[in-house]
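The following pair of complexes shares a single chain, subunit A, combined with subunit B in the former and subunit C in the latter.
Coming up: the complex of A and B.
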C-alpha cells in the first residue's frame, strides 16, 4: 500500500544511477524528521509525564521521590492556580472574539474590487509576521504612560495601561488582537472568495436585503473556515506567554503559562510544574476537540 | 400581466460591444426563447433584464416603466440559473422558502406557498433533503420552484437544462412547457439548443454577435429564415446553402448549383421575384427535406451520384454530388443502398430559399 502511493522512481534519474531505491529515498527524507521529533518533542513529553508524579526539583541534587497523584491533587485544589485559569479564560475569550470581529470585518471590507487590494492585504498581514517579543516590546512603548503614543493620541494623559490591575489584561488582549486579527482576516478572505458569486446573484434576484444575505448566505458558508481560525487562535491564546510576560507583571494578567514558567524556573518545582503542564495540555486538547466536533457538524451542512 | 420591452439596448464589455441596439417587445404570458451561439449576447441580455448587468444605453421597460436603474431585487423578476445556484447549506424547503422569508412573509403563508409549489413540481418528497443529495433534474425542479414560489412578474431562465444529460433534458423540456401552460407567466428563456427553442417558444429571438437576427414563431423562423445565419443555425440537419445562378429556359427557370451541367427546374415566376439577383451573388438554400430523391428518371429530376449515407434511424441523410457541390437530402431510411449509386433529384421550389450572398439577407422569394 505504502509503495503504491509513492511515484515510482524514474529509472534514468541520477538517484537511480546511484543505486537508491524508492524506499531508501523515502527513508532519507523521513528519518531525520522523525528523529528530530522524537528527541525534541516526544521524549521530553513522556519524560515530563514521569516527572509529574514526583517531587523532583531540577535545582537540587536530591533524588526524585514518587508521590503519585499528589501534584495533580494539590494543583487542582489550589485557588491560586484556578484564578490563573480564570484569567486565561477571560483573556482567550476577549482576544479570540476581538480577532474574529476585526479580522472578519476587515476581510468583508477587502472582499470586493478595490484598487491596490493585493498591496493592502499584504500590508495588513505584517503584524502577524513579527516576532512576539518584538511586538511586546514596542507595544510596551506605545502603552507607556509618560511618552506613549496611545495616551497622546487618545488624550488620556498618564493613564497606566499596563500597571493598572484592571486594565493590564485588556491591554495584553488588545495587543494580541492587533497582532493576530490579520490571521483571521486571511482565512476569512479565503472563505469569502470561495462563496460562489452566483449565490449572491440568486439572493439578489430573490429580493434578499444585504443583512439577510449576510446572515443567511455569507456567514453560514464561511462558518467552517472561521471555525478553523477560532481553533487555531484559541489554542495559541491559551498558550500565550511571551506577549503577556513582556508587557506586564500584574497578577491580574498572570496567564496560566506565566504561572507555569514561574513554578518551573523561579520556584524550581519541576515535578509539580510538569503536572500543571499536563493539566494545561489536556484542557487545550479538550477545547480543541469540542471545536473540531462542532466544525464537522458545520461542514456536514 | 407583464410586458417587457427593450429599446435600443447597448452593452459594452470594455471595447467589445456585446449587445448592439437591441429592440424587442415581449407580450404578456409569452414564452420567448433567446437563441444563439455562445458569446452572442443572449445571456448578457437576460442578465440585463434581470438587473444583474448594467446597460450602457437604451431602456428596459417592464409594464411600461423603465427599470434599467433599478436593482435586481426591485424589478420583481425571478431567474433560474444554469448552475442551479441552490443555497448548498439549506434544505430544499428552505431554498424554496428563501424568497418568501427574505421579504418577511408570515410562517403559515410561507409554508402554504412552499407546499403548493412543491406539489406542482412533484418535489414534496425532497423538501427535507439538502441540494447535494439531489439529482440534476431534481435540483433544477427546486430552482424552478424557488423562482415560482413568489409569483414573479416574469421568469427568466438561463439555459436551465443545459447541464442535464440528453434524456433528462427532454423530460425537463416537456415539464417546463407544461408548467408554462399551467402557470402562464411571461418567460424569457436562453438557450443555444435550437431544438429546445423550437419546442418551447411562442416566439424565438435569434441573436448573433450581439445583433438581433430574427424574431418569429418557431415555424416562421424555420420556414422563412431572414438571413443566411438564421437559415443555417436553425434546423437540424443543417440547411444546404450553395452559390447558384438562375437562367431562363423555354418554359421555366433553371437554377444551376456548383457549376453542374444542368440546372434544377423552377417555376418561371422565380425570375421576376429575384429583383435583379439572377446574374450573380445569389445563394440557394434548401433544407434536406426539400431535396426530393427518386430511383427512376422523371420530368425535372437531375441524375446525381450518392456519396455518404448517414442512417439516423427514422430517416437517412444522403449526400448527393451536384456539380462540385454536395447537397444533403433527407430520404426514407434504407432508400439509398450506399455510396456511388445513381439516383434522380430535384428541389422542391416551395421549400427553396434565395439569399443575397453579399448581405446574407433573404430575398423573400416564396414560390
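Coming up: the complex of A and C.
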C-alpha cells in the first residue's frame, strides 16, 4: 500500500496551502462512510444485543424483562436449533463441494482454445447474476413432480424433489450448485490462466503424465484462488435464506437463517431471535476473518 | 505449443469442446425454459411431455400487467368485437380485465412492484457508488491510521446475514415509521452496497497512477480540482462497473424486502414468488414477470463480462 501513497501530507506543502488540506480532504472522504456504516450496521447490532438478554416480543406491548443469559442457555440446549445447524452444515458441505467439482471441472474444459470461448464463458456465468428468490421460484416449476422438465428429461416419472423430506435439502443444494458453480469456474479460470505455460512445456519434455502434471503443477498453483472461492461460497451458503425458503417448507431443509426468520417474524420471539442472531453472527465473522486474510494473501502475490 | 501436441491431445481437445457445449446447454436450459414459458398459451405451459415448439403469444404479458377476474360465461360476440386486441387474448383464457367505475383498466400488482424495484435500486446505487468513490480515493491516496482494520470493518458489514441485521432494523424502522417505505429500503441497500463499492473502487483507484494528480498539483490545481478533473474521468470505467454490480445486488435482494415491505414499497423479488400462493398458479404469467425481471440483469451481465471476476472477488483478483 505504501507505494501508492502520495507524500504531500504535510500542511506546509504548496498544494496543501491552496484549498482544503490533504488531511481534511481525507477525513471528508472517509469519515461519512464509516459513520454511515456504524449508524446503520453497528448501532442496530448493539440494539439487538440488548434485546438478546430480554424476553421481548415485538408482537405485544408488554415491556421487555431482563432474563440474563437465559435465551442463550435455552438456544444452546435446544436440540431443534442444533438440528438446524446440522442441516445447515450438511447443506454447506454438499453445495460447496458440488460447486467446486462442477466449477473447477468446467474451467479445466474451458481452459483451451475454443471457438467463441468468451461468449460461452459469459453465458455460463449468467446463473450467478440472477436473483436467488426468482431462481428458487422458477426451479419450483422445473422440479414439479407432474409437469417439471427435470423429471421428464431424466425419466423419473413423478419423483418428488421438494416435498419429500429426504430429498428437499438435496434439491435446494442442486439449485445452488447450478447457480454458483459459475462463480468457482470464473475464479478457477483466472487461476488456470495464470499458471506459466513454460511449466507445462517443461513437464511435456520430461514426459510427465497428465496426472502428474495436474497434481504437481496445475492444482498447487490454482489452490490459493480455489481456496478463496471455497471460503466465500462457504460463507454465503451458511447464510442461505432466499433459495431454501422459497423452494421448500420441509423441516428437513430448514436452514439456520430460516429458523431465525421464523423465530423473529412468525413466532415473534424477538429477544430469543436476537440471541440466535448473535450466535450466527459470531460464526459468520469468524469465516469472514479467514476470508479477508486469504484475500490479502492472494493480493500480495 | 503446437509442436508438442500429439494426436491424442487433439482428440481430447475435440471431446472437451463438445463437453463444454453440452454443459453450456444444460446450464442455460432452466433460463431458456422460464423465458419460453413466458410466451406460451396457458394450456401448453404445464403439459406432459413438455411443449417445446409452439406459437409464441403475448397474452402472458397482458395478463401480467392488467388486473383480471374469472368470467362466469364466455364473452359474447358483441363484447368480443368491441374489445381491443389485448383484451381479446384475456377473454380467450376465460377471464376479463377489471375496470373501475369510469371504465379505466386496472393495473395488476406487478407494475408498481417493478417501479419500486427500479426506484430503490437506482437511488441506492447512486448513493453507494458516490460515497464509495470518495472513500476509496481517501484510502487509496492518503495514509489512514489502522487502514487494514478499517477496511476489514467495512467489508464485514457486507458479510452480515440479512436476517440478522433485519431484526433490529425492523424494530427501529417501526419506531420511526420507516417500515414499508422506499427510504427505508434505500438506506438498507446503500449500507449493504457501500462496503462493496469501497472495496471495488479502491482497486480501481490504486490503478490510476498518482503521477497524474501530482502533475496537476504542480500545475496549480487544488487537491479537490485534481480529484474531480483528473481522477474521476480516469476512474469512469471502474465507477460504471461498480454501479452495475451495486444495481444488480439491490435489484435482486429478497430478505430485507420481504421483512421490511408489505405493499406500498414492496419490490419485485418478494412479490413475484407470492403470486404462486393459492390455487393453480398461471405459470405463464409468473414466467412473464420473471422474464421481465431477469432481462435487465442478463443485459448487464453481458456488458459487465470483462469485470465480473473483479467484482465477484471484491476487487482482489484482477486480470
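Of note:
Heads up, the rule we're going with is that the second predicted complex is superposed on the first by the 251 of 301 C-alpha atoms of A that agree within 3 Å, B and C clash if a C-alpha of one lies under 4 Å from a C-alpha of the other, contacts with A are read in each partner's own complex, and residues count from 1 in each chain.
We adopt the following convention: contacts are C-beta pairs under 8 Å (C-beta built on N, C-alpha and C of every residue); 3 or more make two chains touch, one makes a residue touch a chain.
In this text, all values refer to a predicted model and were calculated from it rather than measured experimentally.
In the superposed model, A:101 makes contact with neither subunit B nor subunit C. Of the two partner chains, both subunit B and subunit C are touched by A:201. By the touch criterion defined above, A:220 reaches subunit B but does not reach subunit C. One of subunit B and subunit C touches more residues of subunit A, and that partner is C. Within the superposed three-chain model, A:212 lies in touch with subunit B and out of touch with subunit C [touch as defined at top]. Contact with subunit C, but none with subunit B, is seen for A:124 once the two complexes are overlaid on the shared chain.
Shared-chain residue A:33: touches subunit C; no touch with subunit B. In the three-chain superposition model, subunit A touches both subunit B and subunit C at residues 201, 204-205. Looking at the complex, you find that subunit B touches subunit A at residues 50-52, 71-73, 76-79, 81, 83, 85, 87-90, 98-99, 101-103, 130, 146, 150. Only residues 1, 4-6, 8-9, 14-16, 18-20, 22-23, 25-26, 28-30, 32-34, 36-37, 40-42, 44-45, 47-48, 51, 58, 106, 109-110, 112-115, 118, 120-134, 136-142, 144, 146-147, 149, 152, 178, 182-183, 186-187, 190, 193, 197, 201, 204-205, 225, 228, 232, 235, 239, 241-242, 246, 257, 260-261, 264-265, 270, 273-274, 277, 280-281, 284-285, 287-289, 291-292, 295-296, 298-299 of subunit A touch subunit C when the two sit together in their complex.
In the complex of the two chains, the subunit C residues touching subunit A come out as 1, 4, 13, 16-17, 19-21, 23-24, 27-31, 33-34, 37, 46-50, 131-132, 134-135, 137-144, 147-148, 150, 152-157, 159-172, 174, 187-188, 190-191, 194-195, 198, 206, 210, 213-214, 217-218, 220-225, 227, 248, 251-255, 259, 269-270, 272-273, 276, 283, 286-287, 290, 293-294, 297-298, 300-302, 305, 308-309, 312-314, 316-317, 319. Within the complex, the subunit A residues that touch subunit B are 196, 198-199, 201-209, 212, 216-217, 220-221, 301.
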